[in-house]
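Have a look at these structures, which come just after this line.
You will see two complexes here that share chain A, one where it goes with chain B and one where it goes with chain C.
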Partner chain A sequence: MDYEFLWRPVFQSLPQLLKSALVTIEVSIISMIIGLTIGLLLFFARSSTIWLVRFFAGVWIEIARNTPALFQLFFFKFGLGAIGIIIDSYITVVMALAFNTAGYMAETFRGGFKAIPSSQLNSARSLGMTFVQSQCYVVIPQVLRAVWHPMTNQFIWVMLLTSLGMLVGLRELSGETQFLYSKTFRAFEFFAATAIIYYCIAKLMLLLFRLIAWRLFRGQ
Partner chain B sequence: MIEIKNLKKSFDDLQVLKGIDLTVNNGEVLSVIGSSGSGKSTLLYCINALEPIDSGSILVDGTSVHDKATDVNKLRQKIGMVFQQFNMFPHLTAQENVALAPRKVKKMSKKDAMDLAARQLEHVGLGEKLDSYPSALSGGQQQRVAIARALAMEPSYMLFDEATSALDPELVGEVEDTMRMLAKEGMTMILVTHEINFARDVSDRIAFFHQGRMEEINTPEQLINHPASEHTAKFLSNVR
Partner chain C sequence: MAIDVFSELQPKDLLFLGEAALRTLEISLTAIGIGSVFGVVFGWMMSEGNRFITFIINAILDIFRSVPLIIQLILFDSFISIAGYPLPAFVSGTIVLSVYTAALVANVARGGVEAVPASLRKASRSLGLSYWQDLRYIVWPVGLRAVFPSWIGVALSVVKDSALVSVIGYVELLKASQILITRTQDTFVILTIAGLFYFALSYPISKASDYIERRWNQ
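Showing the complex of A and B:
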């Protein structure tokens, strides 16, 4: 082995790396929030009385969960690009990850709603609350707790998936790493450093979600 | 006044209510007894519009419950209901459980709703448990919170669907005492129950349901000691 480790370039580029890590975090959070919201809507849409709405939600969930996330991303970037719809890389990544997350979250919500006895909804309705009020104040808070762990996993998964962004030219953490490595040829050093940054982001997210759970679900 | 006329209700092929006629007057306590599947719980769900009906009508203070033009959310504020399963909302404290509907439905301020909740919980003997989550309360206490929660909407009617049948025997008494107290205060109540002795004590009338029909309705004394129908007599001899 005649590879000589050289860490200086990594330390010199650390501010740049950390800046791109912020892009990763930003894209993750936006994708999660949009994906979570659409996932919830998809869950309700799937039990809609309107045939077309049910069908649309079903197709979305099936495609999101049964095709590679990379293909979904390429579809939004190059597929749509081929027919003349050119979208900025940042937005493409958000769209693809939100699309993917929504499909998975719809399934997770299905399990979560199933875990709440129908008598909870009946109780809420019997007090004069509307369907939407009953869902918002009684059912969904309980669902949130039931899906908290799978949701946390999904969110970390989304954060890691943002690395696909480098394949459509987004300078998030992986994209930036790729760029710096091609400039300095310090492949091992840069990828190792980036792996550590991803690891730290994941651990921080876990910690944050634990804290939120502790705050939200105390006493239960 | 609750007026039920020729009420029919099916689940798929099974007709569970086969033409019920029943009037409950203000201030009256009516118990409904009968074996499982006799349709007595379904009757309560229909009165509260939690179940649609096939035909007939239910009028609550002259408002037709199942009329499309009726605002059921408004109507339900008049009709409190306590269920068999403990239905406290597990993510809220006792006080928050009771305050939720007054805040969201009656648009009371948080402070007013919490004050009201504290008063209602005190009323059912749980003034010490305001900050307790359901997981820290016994089944009996949870049912009393459920009663307080329904009362906080200041209903004219209270429906109890086997409110004590999921409880451990030693906890039944405290919930029955709370229901007794309401009866004394003049609340109009319909109780679906298996506790014949309790029904006798607390009710003005008892109705016996058998296979989707109201077989017999009478004063507790008459119905229990001199049942007119042989089905009633048989049911009573089985449960006693």
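Showing the complex of A and C:
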């Protein structure tokens, strides 16, 4: 093995890498929030009385869950691009990840809502709450607790998936690494550093979620 | 002469995509097979070993669950080429995917072993079964039932994640569709076909798994 590891360029561009790590975190948080919201809407849409709404939600969920995230990203970027809808890379990544997350979270919510007896919703309604009120004040807080763990996993998953951004030209952590690699041709060193940064982000996120859970659910 | 349904897309291109879909199946089934065997062994070690072993295995496997697969693929690929042992894309892709699968399956398997009630295992041992007999005839069937749907979930996610092996040059379904797109410029149609292929691979299995889970829960 006559390869000499050269870590200097990596250390020199560490600030640049860490800055792009912020983009990674930003993209994952935005996609997660949008995905969660749509996922919740999809869950309700699935039990809608209108046939078309039910069908639409079902199709969304099945496509999101049964095709690769990379395919979804390519579809939003190049597929829509080909029929004249050209979207910025940043927004494409957010759209694809939110689409994916919404499908998975809709299924997770289904499990969470199943755990809440329907008598609770009925009693809330009979106490005079509207449907939205009884969901927001009675059912969803309990569902949130039931889906917290899968939601955390989904968030880490979304964070890892933002790395696909490098394939559509987004300069998040992986995209930036790709860019720096093309300047220095130090693939191993740069991607090793990136792997470590991803690991640290994942652990930090996990810790953050634990802290929030502790704050939210203590005493229960 | 065959009639061209799409402007420049020919019927034989569908065959090309079909072959690529088979390659997607080939690499993912290989990885699922190898990864599941190792994953079950790791899961068993984590649930039966002492705390130290559990901690070490879990910490190592956790790395593979906390770093994007695409980075793992590029890292492994560049490492073996600087080490001087370049491997075909199929082999290096299979190695990385298998390790990734093992890391995911280990958790599932651990859950499976721990789902078997301790009293059941004590009962089997006191009936005279050896440790290995207990594993084979009690823990395996009971644990498998408990985690089979999760295992299917992992397997399906590996099929989908195998799309990432295209970054190190393996021509699987998604890469093949990109090659076709470069030639025909029929991006929308070809991507839709590729998506349908994935859907056709994944959807029936996920529905079957739901059905099995429902029947077992009855």
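Here is the rule we use: the second predicted complex is superposed on the first by the 220 of 220 C-alpha atoms of A that agree within 3 Å, B and C clash if a C-alpha of one lies under 4 Å from a C-alpha of the other, contacts with A are read in each partner's own complex, and residues count from 1 in each chain.
Quick note on the criterion: contacts are C-beta pairs under 8 Å (C-beta built on N, C-alpha and C of every residue); 3 or more make two chains touch, one makes a residue touch a chain.
Everything numeric in this text was worked out from a predicted model, so none of it was measured.
Q: Of the partners chain B and chain C, which touch A:F188 in the superposed model: first, second, both, neither?
A: Once the two structures are laid over each other on A, A:F188 reaches chain C alone.
Q: Looking at A:T101 after the superposition, I want to know if it touches chain B, chain C, both of them or none. Which is it: first, second, both, neither?
A: neither
Q: So in the superposed three-chain picture, is A:L164 touching just chain B, just chain C, both, or none of them (first/second/both/neither)?
A: The second partner, chain C, only.
Q: For A:P68, select first, second, both or neither according to whether it touches chain B, chain C, the two together, or no partner.
A: A:P68 contacts chain C only, not chain B.
Q: So in the superposed three-chain picture, is A:Q133 touching just chain B, just chain C, both, or none of them (first/second/both/neither)?
A: Touch status of A:Q133: first partner only.
Q: Based on the superposed arrangement, let me know which partner A:R145 touches: chain B (first), chain C (second), both, or neither?
A: So A:R145 only meets chain B here.
Q: In the superposed model, which partner reaches more residues of chain A, chain B or chain C?
A: C
Q: Mind sorting out which residues of chain A both chain B and chain C touch, each in its own complex?
A: none
Q: For a test of understanding, state which residues of chain A touch chain C in their complex under the given definition.
A: Those residues of chain A that touch chain C are 1-3, 62-63, 65-71, 74-75, 78-79, 81-83, 156, 160-161, 163-164, 166-167, 174, 187-188, 191-192, 194-195, 198-199, 202-203.
Q: Okay, in this complex, where on chain A does chain B touch?
A: The touching residues are 117, 119-120, 122-130, 133, 137-138, 141-142, 145, 217, 219-220.
Q: So in the complex, the part of chain B that touches chain A is made up of which residues?
A: 48, 50, 73-74, 76-77, 79-81, 83, 85, 87, 89-91, 93, 100-101, 104-105, 133, 135-136, 146, 149-150, 153
Q: In their shared complex, at which residues does chain C touch chain A?
A: So the residues of chain C in touch with chain A come to 63, 66-72, 74-75, 78-79, 82-84, 156, 160-164, 167, 174, 178, 181, 185-188, 191-192, 194-195, 198-199, 202-203, 206.
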